[in-house]
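Handing you a structure now.
Order of writing sets the chain letters: A, B and C. Residues in each chain are counted from 1.
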Amino acid sequence: MFTAIVGSETLRSTLDSVSVLVDECKIHLNEDGLTIRAVDPANVGMVDLRLDASAFESYEADDVVIGVDLTRLEDIAGMADSGQLIDIELDEEIQKLRLRMDGLEATMGLIDPNSIREEPDIPDLDLPATIVLEGRDLNRAITAADMVSDHMELGVDVEREVFYVDAHGDTDDIHLELSRDELIEFDVGEASSLFSLDYLRDINKAIPRDTEVQIRLGDEYPVKFTFPYAEGRGQVTYMLAPRIQSS
Amino acid sequence: MFTAIVGSETLRSTLDSVSVLVDECKIHLNEDGLTIRAVDPANVGMVDLRLDASAFESYEADDVVIGVDLTRLEDIAGMADSGQLIDIELDEEIQKLRLRMDGLEATMGLIDPNSIREEPDIPDLDLPATIVLEGRDLNRAITAADMVSDHMELGVDVEREVFYVDAHGDTDDIHLELSRDELIEFDVGEASSLFSLDYLRDINKAIPRDTEVQIRLGDEYPVKFTFPYAEGRGQVTYMLAPRIQSS
Amino acid sequence: MFTAIVGSETLRSTLDSVSVLVDECKIHLNEDGLTIRAVDPANVGMVDLRLDASAFESYEADDVVIGVDLTRLEDIAGMADSGQLIDIELDEEIQKLRLRMDGLEATMGLIDPNSIREEPDIPDLDLPATIVLEGRDLNRAITAADMVSDHMELGVDVEREVFYVDAHGDTDDIHLELSRDELIEFDVGEASSLFSLDYLRDINKAIPRDTEVQIRLGDEYPVKFTFPYAEGRGQVTYMLAPRIQSS
């Protein structure tokens, strides 16, 4: 059983955060809220999302797992205006999700969860450096790096106490530094890893510009980006595997 | 003879209402104003438009029929700013239309009216149901249906006194209902017909969001959409043939 | 040696004015400011730009010529917000340009100036007619002409004292006239030349709508468009070769 009422923006943020990596996913529902974990086909980028029951206007769910086509569900959720409420109901018998919004009713076929790629185990890594910055600063770094290269280095200069972004192209380079007083939080630690801009560009689409984003970083280790959404009643974590640094 | 001065928006609305169905058309001019009738190449969608002489700043015309390329005339009319007046004059000798707007003069070659597809007879059907709603509500129904299917049903549930829109896709369905108090006018009558969304999508482009649109509907019969424009001095009617319902 | 601080908009206007004609160019730097001259591969359109040292917040340069890829430099300059300052420094040893803006540092490889197409000698023609008008009026004429033809005539009707634009297409024509009182300045002289709209369309992209543009024109002669930018501390001149008039 699952029946809920949710603000259209909360639903859209939830779906968009996952659809930057995968086209379909399993949604785990229980009385506490919903969780989604997914990994892209190349096993490079993972997403781990939770949305608390308190983020909904009303929420009731037994333990159940449903499989959804994200694009189709995003299209339907996109029919609601900002600020409008969406009524969601699961019809387990016919395996359909029913969405109602201001006179419009959409019925969407679900996907057999067993046909969806298995969910990743997102490792609980002990990463030595933690950086908290505004989403817009991360966006700027990724956009700049993307102009000159197809991968970028995230790192911490322990001595100078700066967080840096480095991208080297064939002819042009980008370097960006943020010192302790330009960051919201900064736990200095040895860290330097290289990441694919293909993935960072996609993840960046889902990161709100005006939200605090926590970056956890290590030495040739995966990076984790974590940020709250739905007024703190939801949280998204992306984990991205590093590329091997050739130099 | 034809010479007139018209607001750029009135001219553009006229042309856009017709160009959603055909690329070229005949324009009938006489002392009362202009009329255009056209049918798309597949004989599925028809348009019937009239614009009264009173919608013009100045207007003089003998009985004459001209053939125009709508895209080219739209391009020229698009050179005028909103609120600007356009001076139109027919040069019958060289079969050209001369348009003047703030220093700019465009001369556009006409098309031999005999080379344009014959105009349809738009039948005066006795359709049992009449619905009047805001253009934006019709737009919403068409947009939603278009996400899941390539045709949609328009109908009236006589018992429950609701106007409904239904679209069935391979996996997803859309259903929208508007009851008497959500409609501007509603003459209940037995009606249910299926229409191609290809056509509805095109027609929808020309329907102003903030205008009252009258829908006349029957049982496996064509639908008629009628709405005023040019502050009520013009009127557009679209008629769309139904698709055979397989079920 | 070259080191300077410049407003992002001034830098972008400089680059955009040249990139409408060529992808790479030589920039001549000396203590007075910078100059760029370039001609398109077909030798039809030329640009001659100067930006005075006073247009910079700070400026220091020895005589030096650098070769730049305009698209890449535009991308980097585009990272700065409007109103933001960009710090530019030439590293002659490694032949790179270093740009700094609010924490972001970009290093851009230069191009060997000898590998760039030779700069044109822009002839000092004695053109009989001079017209000064608003950029928006020129824009309107070019946009209109572009709808009906692929070339347009610029000319002066000496008797009637009007500047005119004429474009003849297969079926449609555009004619635009501006008389002395619609122009900012007007030195009447015998003039009528035909130009490619491919080039005019590109040049038009770089002409500010709210700037006075000087047009100098002759009889089957090149046309020159000149306008100030950077609050009058810079100037751009385009010269365009005429097409042979067949009639």
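Some notes on this structure:
Simple rule for what comes next: contacts are C-beta pairs under 8 Å (C-beta built on N, C-alpha and C of every residue); 3 or more make two chains touch, one makes a residue touch a chain.
Keep in mind that this is a model prediction, so the values were computed, not measured.
Rounded to a multiple of 5, the C-alpha superposition of chain A onto chain C involves a rotation of 120 degrees. Where the sister copies chain B and chain C meet, the same residue numbers recur on both sides for under half of the interface positions. Chain geometry summary: the mean Cα position of chain B and that of chain C are 45 Å apart. Those residues of chain A in touch with two or more other chains do not exist in this structure.
Contacts from chain B toward chain C in the complex involve residues 69, 72, 75-76, 79, 103-109. Looking at the complex, you find that chain C touches chain B at residues 140-141, 143-144, 147-148, 170-178, 182.
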